[in-house]
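Note that the chains are named A, B and C in the order they appear, and that numbering of residues resets to 1 at the start of each chain.
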Amino acid sequence: MTSFWRKARNHSFTLLAGLACALALVPLVSITWYVAARGIPALSWSFLTHAPTAPDDPASGIGPALAGTGLLVLLAGVLGIPLGIAGGMWLAEHGRNARGSAFRMVLDAMAATPSIVTGIFVFTIVVIPQGHFSAFAGGIALALMIVPVVARTTEIALRGVPDSLREAGVALGATHTRTLFRVALPAARTGILTGSILATARVAGETAPLLFTALYAQQWVHSLGKPIAALPTLIFNYIQQPYPSLQQQAWGAAFLLFVLVFGANIVVRVSSHLRSRQP
Amino acid sequence: MDRTTRYALGALAAAIALVFAAILGVLLSHSVEALRYSGFRLVTGTTWDPVNGSYGAWGFVFGTLVTSLLALLLAVPVGIAVALFLTELAPRWLRAPMGILVELLAGVPSLVYGMWGVFVMAPLLRKPVEPWLDSHVAHMWGHPIPVLSFLFSGPKIGLGFLLAGIVLAIMILPTIVAISRDALLAVPRLEREAAYALGATRWEVARNALRSAKAGVFAASTLGLGRALGETIAVTLVIGNVATVALRLFAPGQTIASTLATQLNEATEPLFVSSLIALALILFVLTLLVNLGARLAIERPWRRSA
Amino acid sequence: MKTIIESKGLRVAFGQKEVLHGVDLAIPEAEITAIIGPSGCGKSTFLRALNLMHDLTPSARITGEVVFDGRNIYDPGVDPVDLRRRIGMVFQKPNPFPTMSVFDNVAFGPRLLGLTRDEVHKRVEESLKKAAIWEETKDRLRAPATDLSGGQQQRLCIARALAVKPEILLLDEPTSALDPIATAKIEDLLGELKKEVTVVIVTHNMQQAARASDNTAYFLNGDLVEHGPTERLFENPKDERTEAYITGRFG
């Protein structure tokens, strides 16, 4: 018979591992609960649409920051996603050699670059020469964070397209290019989309890259060449200030940010898991 | 037509690689002034006093190392346990949902982690935890234990190295779990079956799989370390932003990243700016090396068994 | 001829697809029983049902009984860990633990059982000798198991399985991945093995079954068509399907 000790060890290690899992989830629950508890009370229509006024003014809002985040994310996406997809396409189609490996290493290194370093890089090549902070610089910094991630997920998605599909395209007389764009890419679109959404959602919540590029602005901004408000920088600012009303607003904004980023993560991960379960 | 596409895509890929090289180059060129002024003292000097022209960032380097290593110490064992649970030990129906939940930890913005750290964890550390550690781990029957009492000392304000280490550990956990899990899943089914067929329990099979997945788990930990080194905003909020150069967990500290976040916009003097950019360069190179190390860990052992 | 393990009405399905349709087969003790049949006839599925390996496949549904040592092994009260020690298995593709040495591979089982260092050493040497690979490995016990050739690795796996002193040894097409010389070595081994353990061997190679076994069972499309002493089955098959397979009309 299997010894008592072996069975006991089996059960206790399983239990221990399960406890580790539970432990890992405690922060998740705690954060979700706390952010919601402090953030939801701050929400209101005026909160979402008005610009900040005096610290104690109840009509004060975070409208410009919301709009700012939207603009920056849009800019980052427009600049970063197509470039990332192109890089991923090159890797998938022509990257099965040493040059491809080297490029893959570069992408991984870029993805692992601390976001603050990316921000400082853009600071030195855009902000310093221009002499001022700008939404444009912020968009570039965020785009630089999107590119490596989207490139890798695009490569993986394209690699996942079965060769038989491509062969079918070629057999019908299509060129390699047309097969790529008309057959492979559409077949990989879910993976590419997922990767792009996750990458963009992630940069929406980043603060460090904006600190030295987009900086911050109190009011609505109408040009890309000026500093701009954004949710993360607003939160970072307000939360360090002693006014309770500003802190309240910071939590409201944090809740929105959390819902945006975290929500995108949940939707994407759950749906891709469900989709991979289908036969 | 095909060649055009290939060249076009290739050009774009090259552009991306060029940008990466530019990061290194630009940071380097802007650091030259500071490096020429301070030399090695930039990293080894302990006095950071820009007003009086001394740029010794050892305090920040120390803080970066302490918080990152503490994070690793906490996150790696938990991460391995979670990965084992998700791949071998948990009942099958539980594995996928649990896996998604753990992955979601990666979806929380850094800023939110920092705020949670300040408002939820810091008070927790200040009142029950740190005093408890002080009286029960650092002291025995009222007398201070030599090494431990130094380790667990400092103003118990909640913020500081300990909190930063804990928050970082939570933040890097999903990375460690994800990659360790991949490494464990990569262990061939045949190998697991061999162990079961010899009459091994689930835990024994898992332990054996972990052995085979050693390289991947090491890579996972290294990548986690890389993330911890570069983490900025969460750390800035919870670390106290006063550099301590002693290994006292309750004391406030500073990391390279937190220094950059708090001081770069205040810096007006070119030498100051250059010094900060030099620090950014150091952080960048450090992260690069760590990630390279992780990659090598995965590449090497594969060559052996092939 | 005492029966050591017996299946009664054994049905195995994966999801909606039933792969074994009610098999009643008694395996005699201390003899070599071969299981033959064309690809996909369910022979490996049958073999794996004997040592609870289907527990590792979530979609597997098993009905019927497999009686060993007076109990149905699918009873909830039966300890699968202990059962698998008593009924060992060698797989089609040699699968030594890649991170371990030759010695550690064979020592894996005995160590789990809590044998002392000396006992483990003895057991390893004993098992390597029984698997006819002692001479080739005694000077490189600490070398990585993956340094061995395919045929040697398979004999190592046999040694490893023998090291826990099982009562039955199940071999799932053990030579199909090996060259003819390595195959011959293992076939020669079987005759010696049956002195220690009951052997059940699945093979797609009829000649191997005819050469090496005492009893043979012929499976077709998930049914047990016929079984009996090897010589009788090959010279005088009772069922015409068996005859068709043996004479090579198909398969």
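One rule holds for everything that comes next: contacts are C-beta pairs under 8 Å (C-beta built on N, C-alpha and C of every residue); 3 or more make two chains touch, one makes a residue touch a chain.
Predicted model only: the values in this text are computed from it and were never measured.
Seen from the Cα centre of chain A, the chain whose own Cα centre is farthest off is C. Chain pairs A-B and B-C differ in how many C-beta pairs are in contact, and the one with more is A-B. Once the centre of each chain is set as its mean CA position, chain A and chain C turn out to be 52 Å apart. Mean C-alpha position of chain A lies 19 Å from that of chain B. A straight line joining the Cα centres of chain B and chain C is 49 Å long. Residue positions of chain A touching 2 or more other chains: 2, 6-7.
In chain B, 199, 201, 204 are the positions where the chain touches two or more neighbouring chains simultaneously.
Looking at chain C, one finds that residues 81-82, 85, 112 touch two or more other chains. Residue ranges on chain C touching chain A, taken from their complex, read 79, 81-82, 85, 112-114.
In the complex of the two chains, the chain B residues touching chain A come out as 1-2, 4-6, 8-10, 12-13, 15-17, 19-20, 22-23, 26-27, 30, 77-78, 81-82, 84-86, 89-90, 96, 98, 100-113, 115-116, 118-120, 170, 173, 177, 199, 201-204, 206, 223, 226-227, 229-233, 237, 257, 260-261, 264-265, 276-277, 280, 283-284, 287-288, 291-292, 295. On chain B, the positions that touch chain C within their shared complex are 92, 188, 190-201, 204, 208, 211-212, 214, 304-305. Of all residues in chain C, only 51, 53, 56, 58, 81-86, 88-89, 91, 93, 95-99, 108-109, 112, 146, 157, 160-161, 164 touch chain B in the complex they form.
Against chain B, the residues of chain A that register as touching in their complex are 2, 6-7, 9-10, 13-14, 16-18, 20-21, 23-25, 27-28, 30-31, 34-35, 38, 83, 86-87, 89-91, 93-94, 103, 105-110, 112-118, 120-121, 123-125, 144, 147-148, 151, 175-177, 180, 201-202, 205-208, 211-212, 215, 232, 235-236, 239, 250-251, 254, 257-258, 261-262, 264-266, 269-270, 273.
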